[in-house]
Amino acid sequence: MARVVLSQADINRALTRISHEILEWNRGAGDLVILGVPTRGVFLAQRIAAIIQRIEPGAPASLVGALDATMYRDDLGRNVTRTPQPTQIPAGGVDGKTVVLVDDVLYSGRTIRAALDALSDIGRPRVVRLAVLVDRGHRELPIRADFVGKNLPTSTDERINVRLSEVDEVEEVSIESRTMPEQPTAQPTEQPTEPGNGSDEPDGGTR
Amino acid sequence: MSNPSYLIVGATLVSGERTDLLVQDARLTPVAPNTSNSNTAGAIRIDAEGLVALPGLVDLHTHLREPGFEQSETVLTGSRAAAAGGFTSVFAMANTMPVSDTAGVVEQVMALGDDAGFATVRPIGAVTVGLAGERLSEIGAMAHSRAQVRVFSDDGKCIHDSLLMRRALEYVKTFDGVVAQHAQDPRLTENAQMNEGALSSELGLKGWPAVAEESIIARDVLLAEHVGARLHVCHVSTAGSVEVIRWAKSRGIVVTAEATPHHLLLTEDLVRSYDARYKVNPPLRRDEDVEALRAGLADGTIDIIATDHAPHPTESKESEWDAASFGMVGLESALSVAQTALVDTGLLQWADIARVLSQKPAEIGRLADHSHAFEPGAPANFTLYDPSSSSTFDLDRLAGKSTNSPYLGLTLPGRVQYTFHHGYPTVLGGTVVDSTTVAASAAAWKAGRTHG
Amino acid sequence: MRHLLSTKTLSQGEALQILDVAEDMAAVSTREVKKLPALRGKTVVNLFFEDSTRTRISFEAAAKRLSADVINFSAKGSSVSKGESLKDTAQTLAAMGADGVVIRHHASGAPHVLAESNWIDAPIVNAGDGTHEHPTQALLDAFTIRRRLFGDRSRGRDLDGVSVVIVGDVMHSRVARSNLWLLQTLGAHVTFVAPATLVPFGAETDWPVGISYDFDQTIRDTRPDVVMMLRIQSERMNAAFFPNAREYSREWGLDDARLASLRPDTIVMHPGPMNRGLEISAGAADSAQSTVLEQVTNGVSIRMAVLYLLMSGDREVQP
């Protein structure tokens, strides 16, 4: 059974707030580059960039891009082959820029670790920040988000489903228990995280 | 000490008639069911309910590999494979090392066969010295040797020189022999790997055109007509070849022809796997060719089935296609393949199978003391075959030294349950009798023949 | 996809996946750090039973850009030419811990035999086998065509309706075969132009391809988007496939006059190495229409994509 925790309006409000926080922290849109982590992070990054360009008239036209971290993942050999997604860097590159990485859900932190590695092979930003729609906890690496839409304390048995109108039929964030509701105590709560050995799932909106 | 007597109970003859068979002193006598007399009383009873009694099968085209290639097969292991397939006589091809082109080699091969005792081994003599296609071998000496060679062949190589072929046909005629031609134009098949067609082009394997076989057969039947000699065509593989032979027979040319079991069942599509078990000379052809060969056997254009049993050690087949050897083993599977390709399809009756796998090949090879009818006093060479069963053709069905069978893993009908050679069993209850026992039985038979 | 043995058996989805991943790989090749960590700790063996420096270094560059270790096993002049079998070689590589094998062999089907055997349990990439196939060459050719036609909008696109003319020794060309199957899968129309002696037997009736003996006529009739010239080997002359180089060049070479008769945007391709002045004139080879060097560059991207897709995942995990 899935429980909706963020509606479409909630998501919009969260993104608007994150956009304002980014501008406030960066003191404007100067040297700003917003890079989404595929798949849904790219759409969130595009929305944040659009909001920034609306409220900050001096914002650069090419502000947003995509940063695929597939080939930097530490679990490539533990799963079936993953198809990489395109990386698109705005025309000005990332050297000396303020890069904000955007992802939908922050979980183990392994995707962001891979994204940081991927970013360093592309160039040397002045500073890198992280924005996420949902932080569900259970970090496995020393990584934290700078801008968070919503903190959602979860059990590792639960899934977070992020649905966005760009790719999904509905737009919402829901939380779902992986154990069957009829037998809630049938499985130990401390079972190893899976799939993907605790890493953030790169595809789909389910984590 | 003579071999024991056997009473085969309830066998079905190819006519459909049921009979018991008394096997005694290397001869057989049909007896009415439930006969009991002093002869039958001491005989070992064998229940042949549901088994078809076929005359001992005769293979006009076997490679026994000895002397010279004993890692692939020996006369003993090859004739054991023959027994497992229901054969009681095999004609051993001449491409041994040394080549069977002298009286000495052919007598040695025959003696090895006699000692092993699994089947009558009749050597085939090489037409040309060393199979080199240059000058005739001592055909007369081989014909007059103890081996009494009547079939001469350079099999594996085609006698492509037209004048040499003419001379061979004429000279062999002198000794009531026959030239068995491996029809393959060498220039058209240089480095050829599989049947030439869209598939060979797709797979990048050099094509083996049908015309390379058909043009040689056409030339040879005209030569045979011209000099009035017998010609036998080995392993006919194409529809066009069947046409040429049909035309030749309609002209009254004395030509006989054989088809192998594999060319009656398998097609070139198997080569898609690049599995070298399917690499054979002549190559597997198309569906249309398989159909034409079957029709040719049904209407008598093709006279016989011959196995072209060609054993090779594992390493000769475990390689890239180009490097692998040509050939497949076929003695053990021949009858099952014939059943599935010809009997179960309604093209041939069991009586026809007896004709194409026993009577005709014996005639072509001038096999002495061969009988295909179960008449009283006939030599007790026969096999009892269970056509009703069906099973996966596994390694345990192979009784020779090599395992390069294309049928492994396939489901095939039928199974040879008993084979009798000179009145003693070489296969009992589906199991090949051990070599020591068979050799002892053969020795006893030989002693009985000398003193009896 | 477990192995890459041919393009005949490649679905359109698989082909497009390779081409699209190659787009990402091409992007990496333009960066300052031209390296990805995807195959870190894995070993690629280049097993070459036939000389081909170009193909080998292309695979080597691809593997190294994915951070794999590369072992070059040149079987020519080694124990292999002294009778060591494919089986022994494969088992040796398996014992050394090869995670992927790139094989070039003079015998058609050798990669297939390796893949089907239980001698080695690693993905096999066919880098050209006899006169059978050369799948990565066809993939890089398709990639090159797609990029020339669609530029940055290439991703996800097939080659529907594209007209490709392949000229020369089609009979002995694994490049022509692999290109035919792949281009057909991607929706292109292919015409072979060759003397009848060099048309594969049965292609006219059984293959999805137009066959022509007349190069000029074909240029006039099809107004091709792509003309691909094949290398002609001098030994074909000795085997009487055609009388001599002069006659071949006159009838089937892409000379300056024929180049001028092409549409100005027709792409001229050659898998290399070229016989300038025989099947292609220097003018044609060096013209702006020629993609010869792009093909080399794209070859690395395609081979990166193939190695990545075959070797990065865990083959034990079922999807």
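The chains carry the letters A, B and C, assigned in the order they are written, with residues numbered from 1 in each.
As a working rule, a contact is a pair of C-beta atoms (placed from the backbone, for glycine too) under 8 Å apart; a residue touches a chain by one contact, two chains touch by 3 or more.
If you want to know which protein each chain is, UniProt gives these names: A = Bifunctional protein PyrR; B = Dihydroorotase; C = Aspartate carbamoyltransferase.
Keep in mind the model is a prediction, meaning the values are calculated, not measured.
Engineer: Of all chain pairs, which one counts the most C-beta contacts?
Structural biologist: B-C
Engineer: From the centre of chain B (Dihydroorotase), which chain's CA centre is farthest?
Structural biologist: Farthest chain from chain B (Dihydroorotase), going by C-alpha centroids: A.
Engineer: Please work out the Cα centroid separation of chain A (Bifunctional protein PyrR) and chain B (Dihydroorotase), and write it as a whole number of Å.
Structural biologist: One centre to the other, that is 74 Å.
Engineer: Measuring from the mean C-alpha position of chain A (Bifunctional protein PyrR) to the mean C-alpha position of chain C, what distance in angstrom results?
Structural biologist: Going by mean C-alpha positions, chain A (Bifunctional protein PyrR) sits 39 Å from chain C.
Engineer: Roughly how many whole angstrom separate the Cα centroids of chain B (Dihydroorotase) and chain C?
Structural biologist: About 47 Å separates the centre of chain B (Dihydroorotase) from that of chain C.
Engineer: When you check chain B (Dihydroorotase) against every other chain, which residues touch at least two of them?
Structural biologist: Nothing qualifies.
Engineer: Can you list the residues on chain A (Bifunctional protein PyrR) that touch chain C in the complex?
Structural biologist: Chain A (Bifunctional protein PyrR) residues touching chain C: 68, 70-72, 76-87, 117, 121-123.
Engineer: Over in the complex, which chain C residues touch chain B (Dihydroorotase)? Could you list them?
Structural biologist: 8, 85-87, 105-110, 112-113, 116-117, 129-133, 171, 174, 177, 200-203, 205-207
Engineer: For chain B (Dihydroorotase), which residues are in contact with chain C within the complex?
Structural biologist: Residue list for chain B (Dihydroorotase) touching chain C: 196-205, 207, 209, 273-276, 315, 318-323.
Engineer: Using the touch definition up top, name the residues of chain C that touch chain A (Bifunctional protein PyrR) in the complex.
Structural biologist: 17, 20-21, 23-24, 27, 31-33, 35-38, 66, 155, 308-310, 312-314, 317-319
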